[in-house]
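Letters A, B, C and D mark the chains as written, and numbering starts fresh at 1 in each.
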Amino acid sequence: MTVRVERKPREEITAFDNSTLNPVTKPVAYVKPGDIVEVTTWDAYGGVVDPETTFQQAIEKGIVGSLNPVTGPIHVEGAEPGDTLVVEIIDIELPEWGGSSIIPGFGALEGWVNLMEPRTKISYIRDNKVIYETDHGETIEIPVEPFIGTIGVSPAYEAIQTLAPGAHGGNMDCPDVRAGNKLYLPVGVPGALFGLGDVHAVQGDGEICGTAVEISAVVKLRFSVEKKTIAWPRIESDTEIMTVCSARPLEDAAKLAYREMVNLMVTEYGWDRDDAYMFLSLAVKARIAQIVDPLYTVVAKLDKKYLTKR
Amino acid sequence: MTVRVERKPREEITAFDNSTLNPVTKPVAYVKPGDIVEVTTWDAYGGVVDPETTFQQAIEKGIVGSLNPVTGPIHVEGAEPGDTLVVEIIDIELPEWGGSSIIPGFGALEGWVNLMEPRTKISYIRDNKVIYETDHGETIEIPVEPFIGTIGVSPAYEAIQTLAPGAHGGNMDCPDVRAGNKLYLPVGVPGALFGLGDVHAVQGDGEICGTAVEISAVVKLRFSVEKKTIAWPRIESDTEIMTVCSARPLEDAAKLAYREMVNLMVTEYGWDRDDAYMFLSLAVKARIAQIVDPLYTVVAKLDKKYLTKR
Amino acid sequence: MTVRVERKPREEITAFDNSTLNPVTKPVAYVKPGDIVEVTTWDAYGGVVDPETTFQQAIEKGIVGSLNPVTGPIHVEGAEPGDTLVVEIIDIELPEWGGSSIIPGFGALEGWVNLMEPRTKISYIRDNKVIYETDHGETIEIPVEPFIGTIGVSPAYEAIQTLAPGAHGGNMDCPDVRAGNKLYLPVGVPGALFGLGDVHAVQGDGEICGTAVEISAVVKLRFSVEKKTIAWPRIESDTEIMTVCSARPLEDAAKLAYREMVNLMVTEYGWDRDDAYMFLSLAVKARIAQIVDPLYTVVAKLDKKYLTKR
Amino acid sequence: MTVRVERKPREEITAFDNSTLNPVTKPVAYVKPGDIVEVTTWDAYGGVVDPETTFQQAIEKGIVGSLNPVTGPIHVEGAEPGDTLVVEIIDIELPEWGGSSIIPGFGALEGWVNLMEPRTKISYIRDNKVIYETDHGETIEIPVEPFIGTIGVSPAYEAIQTLAPGAHGGNMDCPDVRAGNKLYLPVGVPGALFGLGDVHAVQGDGEICGTAVEISAVVKLRFSVEKKTIAWPRIESDTEIMTVCSARPLEDAAKLAYREMVNLMVTEYGWDRDDAYMFLSLAVKARIAQIVDPLYTVVAKLDKKYLTKR
């Protein structure tokens, strides 16, 4: 069965309901494991930027509502606290353009380089390429690598702003949350109360100016529920298993992700703890997802060929 | 011309001369730009570990001298303070085995996971694979990716321990310092006073237990000198340009590396500063080299196809 | 007028309502500026620890409910978003004993020193002294310095766990929030929706094991509302003005607190920005409030004699 | 016996010898435990700033040599690696004025507040007060609290720049290194090779703009040697024992200092480790010494009345 979940009209987006993941907001849809779920999402600007309107102008016009709104909550039947919600990402449909911005007071190099005037740049998307027009007159094509920037479930009892990542998912800005991969999330409340938004056409490691190519999108998903408990999000691709953790300072995000990988090897593949630690020191890969949000996100990756179920 | 530079016998390694990069120690060799320089290096253990001797046993026997010794200083003709030393890495010849260790008080997950008993594991290297024998009886083959862990020049006036990375290079533990790539280092003193050691057969991102597959090796290099000034090390491969920066906390290493990349785009390719910042937010890659040394190291990478000399 | 606000019975404490500060929970009391408000609070354990029950035993008995519960929300008439809520702390009445605990997985030296077995120690309070019985048989008297550990208002739209400090106040664990001082909080929602709990009989700088002498208490307060906007909490004593900021890593908490002090000098006392910065480099004091909560807290302090209204 | 150790003329200060603490430089004086040692020191500017010359002007004139120079090395008879050097600070004689500066690229609020133009302000010192003339025309008197900013011994084999603090002492910028107190330093090389400089007339916690009231001074000291080993510097006043540790991020400096205090209580006063940890959570004080140098410095303090020799 296919369930379509529409984003709210821009005027109806509210801060508590759409700019947090929380246990209180009434679900906008009820789905079952196995359903194809097609969701329309707002970009991180909440839809106020377009080829004629910069983010700064939108602020001046007063049309900026809640930031980084998610579509949701989506209630997944059978998901209970302590379970793992498996989100299979089937497809991400791109629009014709996306926007990126420098927002003073935000971004990794704020205070590290000069200038930092507010600005927005629109980039068109054609033939799976982002067409970037430089200030010095070059046209550069960047291959798209679309993924979902903000995706998560309700925390057990907090209402966490959608600008923040955490153990519940949220604004992880991790390029591996892409079509073809599976995302695993720890369920905090009955029905999971899932939400998503903030899709990016492409993003560099770190998302350093605070924005990627921010797009509105149509995302196709399928859920399942596993009766096991995980502490932090995980991702699985055809070739890799990944752990995704968020903290400050950045080394703590990395240490959490590495530790989760040790735990996974010990718990699910029967490794000795020290041996797993030594092996990862030779074989793990790590990606800095972002260093601009309230917590920073690191992804640890291990080739699945190294893991044999026993 | 080929110059061969031999490592000192183990008993002659001294802490100030071999476990720091410094402006005082007398050069062991004088080479010219263009010479093929073939260097033998000690592993990070200073040669005291072997298939019959763990690092712990070597400590107990009192045969551990200076840690992470480098072969050097090598004086490069014509290198002056403010210049850039270009190190072309031609070849890294592997031995038959390498050792990795858990060393209590060292390592990224020290205090984050239990156990952490001191131990050393020897892994044999065959057919360009590291043969890892797990504690649970599996044999896993990891393709080798040999690189030079510690490589640098003398600071302008300090004697920096070879366990530390910095603007002068040093213990960056960066897998991109491999055969086929060029390393750029900022020269601090006349002759550069170059040293290297600590070769790894393979290493995961982060070098999390504090050691990789530590090997003694024979390294073939060629130097040249550029009359330009850089602030931090850079690496160039066939396809990428990279900036390599070290700091604590880890986000500061990342920010330095990203800022160096912005600076490179502005200075050498004529980009507008803000535009470079926004573009990198879409296109830069980043690698966590290590999070175990006195400063942590991050490598920012940009595909050279995006940079057009103007 | 005196308003008495009672803490809920232990069984009625709920996670969303009492272990977050949030804009949704219905107020338990409505007060006016000028009222004397007398509040009974639970200790950070939620009342489950007593001279016969360690925290560990309470966990095993399953009687631990929501952690660090606050009494509230208290609705303050006339407080509107953008205002500053002034909380005059009139009195803190101490009980006869308090408990402190080592809780594995929590505390500043977790992973930095050995042992870390869970344990709870009860200390009696007599003649304004905490009577600490050491494991080696000494009795040490520590003068009490009672203060409110968790005190804050609702964020604009999030529900932030009471274990965390922030711009809204919360778990700042700052010993300067004591009788005789005034706390200033930025109002996020109509009525402010104020809550408090987690009183400490005495605490060292850093609250390093994660707990102080945790007590239930009766607190006497008086509110007023100022029609001005502040970004972070402030405290005023007879002799000092203080800014209280929370972040990770700890230097960011310090930098925020110092910057708030610069802003205060510029905005309210007419200093030049650079001059204020240079002057504080000579005259500011700083206290590490805590380094155990989700964000760390630093208090910057300036002697009021240095500030002349112009 | 009184030994007078003169600072070198400004032109003879060299980077390796005076702007590092190192094991190589030849001692400028040989003293014995018990001698009164009277040392003249340069300010952190190396003597180039005066009421007619800003630091910026000195840079432009090219008269700035090595930064933060120390007078030394002073060889202390009988001090051997593994010993503790005790430095009794008898007196610090102040000059008539001191200078403080904003130096772009340096300072805690670099990038956190605007402006940051280079500037130097001279403050006169009269009747034990620093006379601070504000930009808005006020004259503020700050009571002097003179102390030695940079003071340390040679590391075992490195040459550490005098801008950096560490286990060897160095640029700790800790106001408790004042007349009447004793500083304990871990000896790394025979004779200790002690150096000092960078005296401050007064400094706020954090030394946030990167400079205090920087003065040249005459310092009177007396050394003794204890045949015990410490890991980090300690300070003793009439009422307190202190541990002084340096690291980044700032919480690691704090954790090191707290851990050193736990170690001291366990080793020297027979406390149980966990009990010491819990007790410090109630009774320790902490000072942020500085957050501007290559490592940040925190001082943990415990009232000596809580410690009974057993």
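In this section, a contact is a pair of C-beta atoms (placed from the backbone, for glycine too) under 8 Å apart; a residue touches a chain by one contact, two chains touch by 3 or more.
Predicted model only: the values in this text are computed from it and were never measured.
Trainee: Through how few touching steps can subunit B be joined to subunit D?
Mentor: 1
Trainee: Where the contacts of subunit B and subunit C overlap, which chains show up?
Mentor: A, D
Trainee: Farthest chain from subunit D, going by mean C-alpha coordinates, please.
Mentor: Centre of mass proxy via C-alpha means gives A as farthest from subunit D.
Trainee: Can you give the whole-Å distance between the Cα centres of subunit A and subunit C?
Mentor: That pair's centroid distance is 33 Å.
Trainee: Hey, how far is the Cα centre of subunit A from the one of subunit D, in Å?
Mentor: Taking the average C-alpha coordinate of subunit A and of subunit D, the gap between them is 47 Å.
Trainee: Residues of subunit D that contact two or more other chains, please.
Mentor: Expected reply: 112, 248-249.
Trainee: Within their complex, state which residues of subunit A touch subunit C.
Mentor: The contact residues of subunit A facing subunit C are 15-16, 19-20, 22-24, 66, 156-161, 247-249.
Trainee: Which stretch or stretches of subunit C touch subunit B in the complex?
Mentor: 110-112, 249
Trainee: Please output the residues of subunit C touching subunit D within their complex, sorted ascending.
Mentor: Subunit C residues touching subunit D: 100, 102, 107-109, 112-117, 119, 121, 130, 132, 134-136, 138, 140, 142, 202-213, 248-251, 254-255, 258-259, 262, 270-275, 277-288, 291, 296, 298, 306, 308, 310.
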